[in-house]
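Chain nomenclature is as follows: A, B, C and D, assigned in order of appearance, with residue numbering initiated at 1 for each chain independently.
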Amino acid sequence: MTLAKEQPSALNFECETGNYHTFCPISCVAWLYQKIEDSFFLVIGTKTCGYFLQNAMGVMIFAEPRYAMAELEEGDISAKLNDYEELKRLCLQIKRDRNPSVIVWIGTCTTEIIKMDLEGLGPRLEAEIGIPIVTARANGLDYAFTQGEDTVLAAMAHKCPTVAPKQEAEKKERNAVSSLLNFGRKKEEVTQEESEYKDHTPLVLFGSLPDPVVTNLTLELKKQGVKVSGWLPSKRFTELPVIEQGYYTAGVNPFLSRTATTLMRRRKTKLIGAPFPIGPDGTRAWIEKICSVLEIEPQGLEEREAKIWASLEDYIKLIRSKSVFFMGDNLLEISLARFLIRCGMSCHEIGIPYMDKRYQKAELDLLEKTCNEMGVAIPTIVEKPDNYNQIQRIYDLKPDLVITGMAHANPLEARGINTKWSVEFTFAQIHGFTNARDILELATRPLRRNNNLKELGWDKLVQEEANV
Amino acid sequence: MKLAYWMYAGPAHIGTLRIASSFKNVHAIMHAPLGDDYFNVMRSMLERERDFTPVTASIVDRNVLARGSQEKVIDNITRKDKEENPDLIVLTPTCTSSILQEDLENFVTRASMDTKGDVLLADVNHYRYNELQAADRTLHQTVKFYLDKAKKKDELPTDKTEIPSVNIIGISTLGFHNQHDCTELKRLMAELGIAVNEVIPDGASVHNLKNLPRAWFNLVPYRELGMMTAEYLKSEFDMPYVDITPMGVVETARCIRKIQQVINAQGAEVDYEKYINNQTLYVSQAAWFSRSIDCQNLTGKKAVVFGDNTHAVAMTKILAREMGIHVVLAGTYCKYDSDWFREQVSEYCDEVLISEDNAEIGDAIARHEPSAIFGTQMERHVGKRLDIPCGVIAAPIHIQNFPIGYKPFMGYEGTNQIADLVYNSFTLGMEDHLLEIFGGHDTKEVITKGISAGSDLSWDKEATGELGKIPGFVRGKVKRNTEKFARERGFAVITLEVMYAAKESVGA
Amino acid sequence: MKLAYWMYAGPAHIGTLRIASSFKNVHAIMHAPLGDDYFNVMRSMLERERDFTPVTASIVDRNVLARGSQEKVIDNITRKDKEENPDLIVLTPTCTSSILQEDLENFVTRASMDTKGDVLLADVNHYRYNELQAADRTLHQTVKFYLDKAKKKDELPTDKTEIPSVNIIGISTLGFHNQHDCTELKRLMAELGIAVNEVIPDGASVHNLKNLPRAWFNLVPYRELGMMTAEYLKSEFDMPYVDITPMGVVETARCIRKIQQVINAQGAEVDYEKYINNQTLYVSQAAWFSRSIDCQNLTGKKAVVFGDNTHAVAMTKILAREMGIHVVLAGTYCKYDSDWFREQVSEYCDEVLISEDNAEIGDAIARHEPSAIFGTQMERHVGKRLDIPCGVIAAPIHIQNFPIGYKPFMGYEGTNQIADLVYNSFTLGMEDHLLEIFGGHDTKEVITKGISAGSDLSWDKEATGELGKIPGFVRGKVKRNTEKFARERGFAVITLEVMYAAKESVGA
Amino acid sequence: MTLAKEQPSALNFECETGNYHTFCPISCVAWLYQKIEDSFFLVIGTKTCGYFLQNAMGVMIFAEPRYAMAELEEGDISAKLNDYEELKRLCLQIKRDRNPSVIVWIGTCTTEIIKMDLEGLGPRLEAEIGIPIVTARANGLDYAFTQGEDTVLAAMAHKCPTVAPKQEAEKKERNAVSSLLNFGRKKEEVTQEESEYKDHTPLVLFGSLPDPVVTNLTLELKKQGVKVSGWLPSKRFTELPVIEQGYYTAGVNPFLSRTATTLMRRRKTKLIGAPFPIGPDGTRAWIEKICSVLEIEPQGLEEREAKIWASLEDYIKLIRSKSVFFMGDNLLEISLARFLIRCGMSCHEIGIPYMDKRYQKAELDLLEKTCNEMGVAIPTIVEKPDNYNQIQRIYDLKPDLVITGMAHANPLEARGINTKWSVEFTFAQIHGFTNARDILELATRPLRRNNNLKELGWDKLVQEEANV
């Protein structure tokens, strides 16, 4: 793709509302049940939902994970059976077999269509069987892929305690992160360390990240004197953070607009709108924004960012001046595009399943700013893209790299187009300064590999005629 | 409601899509919410398919739900008809959209007014039938549609092929080792002097379906897919069919003998006995393996078999009859066809289990403590937990069931592959056990000496905890690189901060 | 003296016997002490050979040693000549008997006066050459013997075959996947329109050796076996040879292009480019696998390769060049031919290791911590210890290298098999790691519930100790049966006596 | 094979001194290094020896067992190198790497031929490096297969202490077996238990058996009040039994004639000559003979034997009236033949690598008696059989079962002849009452399997013509 240097312009949004492929939002179960160790997820849906989790999500390898299907049968659909009694039977069995601290009900398209009143049933059953029940409508009628997590966190936000339990406050570290960080230290040390923090209104972060990334981001903020009071979700449901009115909150992922809204409207917190901590540029901007809101002067971030960029040079030289095309899958597209453009790539089109321009405002601004600074054309952002049309555009544009869902990668590769699965960015550890390298490790892999293969003359592996 | 941790067979629309996308130049429109189109992912990922899967989701979202989906579905059908010129467009709902009780038949009628190709609504009850049954029904429906059409147009050929010929029915995309089985069956037919008239649905053109009746007989190698079609062709066109799965030396011979009988009844004069004898004794190595000392040592060992009807029945017979292995339990998840299963296996095993509940099967395995399991991926995991080796013999499919190398289960090369599977299942397990028996005597220290050459550095508790969270397969590397970094910079204790600094600096 | 825990190549006489027993109707007499004739065991066990191995030990015992072995050796040669009428009897000592410094050449001369068949002393220094070198020498010696003989009798054909033809040199019994490679090479030659003139030594008759010069060229697929013969045929009969191992897509193409060049130089007019292109892109699945997403995820992963020259070189090239895998170390145990190895692999790997010392290789693997190993059975065990998956790519042979199912390493089907091997080596390891990563979250209790349903019985310390000595794979069963027995008879405590009583009573 | 009922006659011995196949006596390393847990075995021989252990003995699966080769190279053969220095170098390395309690040198054919003076070098080196060295000439010039163990045990017999260490005698149970049996008990119990034993001259048993079998036979004798003072070998070299002049000794295996002689002549013990404890008949006879020599009246042995026989009926009915042929491999042939004849089989020929008529006298007598009682012809015993001739006889006789070495099993099976590897009896646990079942499990396996296959018509799997 040869780049005609255009004059930078404002962001251009389109909405194709086409037939595009992405994973079902119930996917979030696959990572959330691992993240929240004392949880159990019950997906209330059909064989179609269950087979998806089992076979397409690749969680087939787990014989008995802490999630299950409540598989709706003909009697459930035709409303011959009593929903409450059925759910009670299943939840009692789960209680008996696993005894989790929380059961998360994942509603699906089917429960929407048959209008099953999960929000009504949940509290009744919770009271009757004595296990907290969280109800999330992670259905494909309203949401795409990663937004499933948004529905769960938004629902879970209601379960966070309003005030810190006063009695225990000193005896025991309620918050999982700080007890993790203080693991093995004497109490005096911990108390002493408190003084390293600046005095500020408590801050709660939201978004499900693997534990090492949680630690990493918490430490980055600690370096600036910012104390993270808690994360939503926590490692255990029993350790959900306290959220009092007036606390600050900040998200780490671009697909959490509903959770952000819930925290603002229902829990009366103040949202810090920042770019997301993906890439050294995003991470720096995220920390700076948090610091600025908390009225703290950030220290050494510029040097830090510069050092990280310098350490990425070996990867960056592989993609500089190359072009990338996002088909749209996991809602991380804007942040990734912004980072890759900062790395020197150009980007013609960013497909994205859903675009909340308000929640992503800071990120969109940074994208525009980045394009201007790097002197590349501002991409078109296509919401709900039509995959068929996109493929025609890819044939025309011949981008050096296409970031796409799992259904399209092999066929595009067979046609000589480099691809990377977007879903890998969902599962990899990509947040913060130190993980920027991992994003590039993933993004450059097809280029490194296919450069190698190019010499072998295996560019296109499809025939016009049917294969023998 | 049913509490389900695992499913052996998929939902109905997967079966329909397997048939539709197996045909050449047929496109399927799936009328479904976002995310239900994971069939495309499975085909692309598991089969490493080079082409785009010819399935498009006509997405049902909140707006569509409010407005009704007729317009969108019809638009998508006619659009795809123009874009790709398919011979046929198959419309299918999923479990979810089938609840809407829309008049999809009417959508199809409306759409087909504007399309060049044919349009068909897959006629399956999504709550009564599973993937396997739906596939069988959709294949039958498609075949009947084109034969009826040809009849109406008076295009049905009335003659038979000159030499004995066969239709191989039931080879489909995302089937368990289907591609290699098909290759092997074609080779077998060639060696028997039988022409292959049509293979359906895989790679077949719907235009050629009208030629099906030209074959002398139909071969249905899989119990799960093709029987309805074969029955239909028998009742409508008086075509005999052979439904003996040619798996294992004995059943392959029985299948060939049945073929001989069927074609001789139509005027051929073939005698395959010499071929069978030669293959059995000298070409295939399976009969010899059964007699060899290696297999002697498997005599009387206990095995559990579980899978779909076709493979569980075949493996039970092979293990019990050809290898002298004691099948303590044979089971299937094809509940809808359980009478046939019982009839086939009951004389070859102690106990029969018909169930779709994986916990029940797991418990049965734990109870029997067999020396080996032959089952699905699910049983393989049960085996891993119980430390019992498991050979995978049946779907649900997994990427390992799409090997690049040639691995049929059917025909004479299939018998060889199965002998290897059986032998390796028992003996690889055996190797671990031998190591365990002698384990205490086999010093492990010396060779592992090379790994951790005594560290001069200490890790504080936080860092140790963090290290513990790193996946095992990279942990060693991270540890070494971090220590190297710390040593170079003179840190004596590794803290979390040192760890992250190391990662940034050397990518540890 | 050398402290040796493991050997990569066997002793010389094994090489000689592999050649002798590969030929049809050739018998070997091994002049050796009792127990040295384990070649027969290896052939019978590993290859599951149906026929008696045509090797007889002429046993050297204390008496023979005292009297001299001449009489016994000659008796055994002449006796075997009468009993089996072999075309040729090959006499070989072993490491031990070669020390006796007897005039075996004279024994042979004496014996051949009374035999109908030919008699030959294998001319190998048992302390300087290993199995591979000895095999190469014995093949050369045998071929030369029969070509000299034919020359003397003026029976050497002088013409070439009508169509381009090849001798495939180096296929032998107990060779690593030799039989399947040979089948694949024959198929390849057939597709190239090249006739196979002779395959030696496997299945060849010594009487046909005189026809070797009729072929247009020789193909030596294995570096270790056949080069001496090919060089001899080149220098004596001006026969060109192709010694490019057709393993992997790139090298198979290079081998075919070289063949094209060689036969076109002799008047043929073939162009194999279209064939190569079609096989590479559409028939073999290996090139597509290399480009597919599955293989993309292997990019840059580290691997160690170790084996004989042929396989270690080929795998190194395939991994580095065709799959983008980072070969951190490539090594061989063929020290005697190390220059060639270095030349072949040095541009494809970081480090080269030439060694026969398995500890050195184990340490190198521990140091590199690769994601996968491709080596011999020895490296597989190193991998087991270090928890690194290993694909076996080279001898020393093991029964697993004689699969019943078709598994060539060479030619286009070989490329498929290798792709599977690579993929499975990495991903089966990956599966374990994934389970480990999420292990803590994956509750194991439920499914194992079925195993030990809470025992009401106690085991005393002696009995517990004894139970502990029972191999793990039957321990559960013994425990259960013993408890059942004890329960039925009302014992509350299980002692050693109860255990043995149970064993006698119920076979626990 | 139809049996012409002949009149029983005396045993007929032949010696073919032919070319027969059996394993090399260095094989014993494979089980002895496992049996003696603190040992290290060093086989001093050529590549031929090493490759045998590695590949043919199937010990290939162990990456680093406690044995190794001292591989003789050209310099060793031509005596250019100093044997003592070379061995010292290797043994020091072994000491450094593994530090075993004993190094057993296994001499081979090659050390015999080059006349390496291992017996002379051993004591010198032992003194110099401070690790006991046992030297055994397990060479194929003089011995066959299992006799390797005989050479090791005979050499080890010299290392058994002459008198019990008096100081420690009460403090500590020196003997491995009794400490094994008394494991975990209080001292009073042990003392009390001593009273269960009759008073008799100490008895030491010899022969290497797996630990459970050792326990089993020790318990069988204990039931009769016989106390086993020790076993040669013991589980650890440091726990070799005390052997004083005048002790009784008894062997458990038929291939231990040299060990028996050494114990008699060098250690002045009295050998109890008995049939071997293989099969219920042999086990009973063995116990009875030991009791009779120790002047103890055995209790309940007849009932015991009868009960065992009854429990074996399900297997016995499979072989009754069938015929067995021994090609000769591991020297267990006489005992196995005697047991199988007692089970109702007939036997035409017993091939055996070596026949010590004196050491096996009681066993031979029992064989003859058994044949007479069962009314079957007495077998011909062929020492050092010629395998080629045997195979011709097998073709003629068509026995129902051939017990043979590993080289012949597959070819015989391919010709429709049922076989069982003799080597399996070497490794299986076949001694004592309770293990009789295991012998029959092995012996009947080919019959059970092949009965099954017979119906499939796969009797002969070789063609006159070469296979395709």
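The criterion applied here is as follows: contacts are C-beta pairs under 8 Å (C-beta built on N, C-alpha and C of every residue); 3 or more make two chains touch, one makes a residue touch a chain.
The chain list, named the UniProt way, goes like this: A, D = Light-independent protochlorophyllide reductase subunit N; B, C = Light-independent protochlorophyllide reductase subunit B.
Worth saying up front: this structure is predicted, and the values here are computed from it rather than measured.
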Exercise. Which of the two pairs, A-C or C-D, is linked by more C-beta contacts?
Worked result: C-D
Exercise. So, what's the distance in Å between the C-alpha centres of subunit C and subunit A?
Worked result: 51
Exercise. Subunit B to subunit C: how many Å between their CA centres?
Worked result: 33
Exercise. Where does subunit D touch two or more other chains at once, residue-wise?
Worked result: 61-65, 409-410, 414, 461
Exercise. Among the residues of subunit C, which are close enough to touch at least two other chains?
Worked result: 45, 48, 50, 288, 292-293, 362, 382, 385, 444, 446-447
Exercise. Taking chains as nodes and touches as edges, what kind of graph is this: line, ring, star, complete or other?
Worked result: other
For this session: Show which residues of subunit C lie in contact with subunit A when the two form their complex.
Result: 249-250, 278, 280-283, 287-288, 290-293, 295-297, 299-300, 321-322, 324, 431, 434-435, 438, 440-444, 446-447
Seminar exercise, completed: So, in the complex, the side of subunit A touching subunit B is made of residues 19-27, 44-48, 50-52, 54-56, 60-65, 68-74, 76-77, 81, 86-87, 89-90, 93-94, 108-110, 113-114, 139-145, 180-181, 183-185, 211-212, 215-216, 219, 307-308, 311, 353, 388, 391, 405-411, 414, 433-434, 437, 461-462, 466-467
Seminar exercise, completed: Given the complex, residues on subunit C that touch subunit B span 45, 48, 50, 285-286, 288-289, 292-294, 359, 362-363, 365-367, 369, 371, 382, 385-387, 399-400, 403-407, 413, 416-417, 419-420, 423-424, 427, 429, 433, 436-437, 444, 446-451, 471-473, 476-477, 480
Problem set entry | Interfacial residue positions of subunit B with respect to subunit A in the complex | 1-7, 10-14, 24, 33-38, 40-42, 44-45, 48-53, 56-62, 65, 76, 83, 94-96, 99-100, 126-128, 130, 203, 358, 362, 377-378, 381-382, 384-385, 396-398, 460-462, 465-466, 469-470, 496-497, 500, 503-505, 507
Problem set entry | In the complex with subunit B, residue positions of subunit D that touch it | 33-34, 37, 61-66, 97-98, 409-410, 413-414, 419, 421, 445-446, 448-450, 452-453, 456, 458, 460-461, 463, 467-468
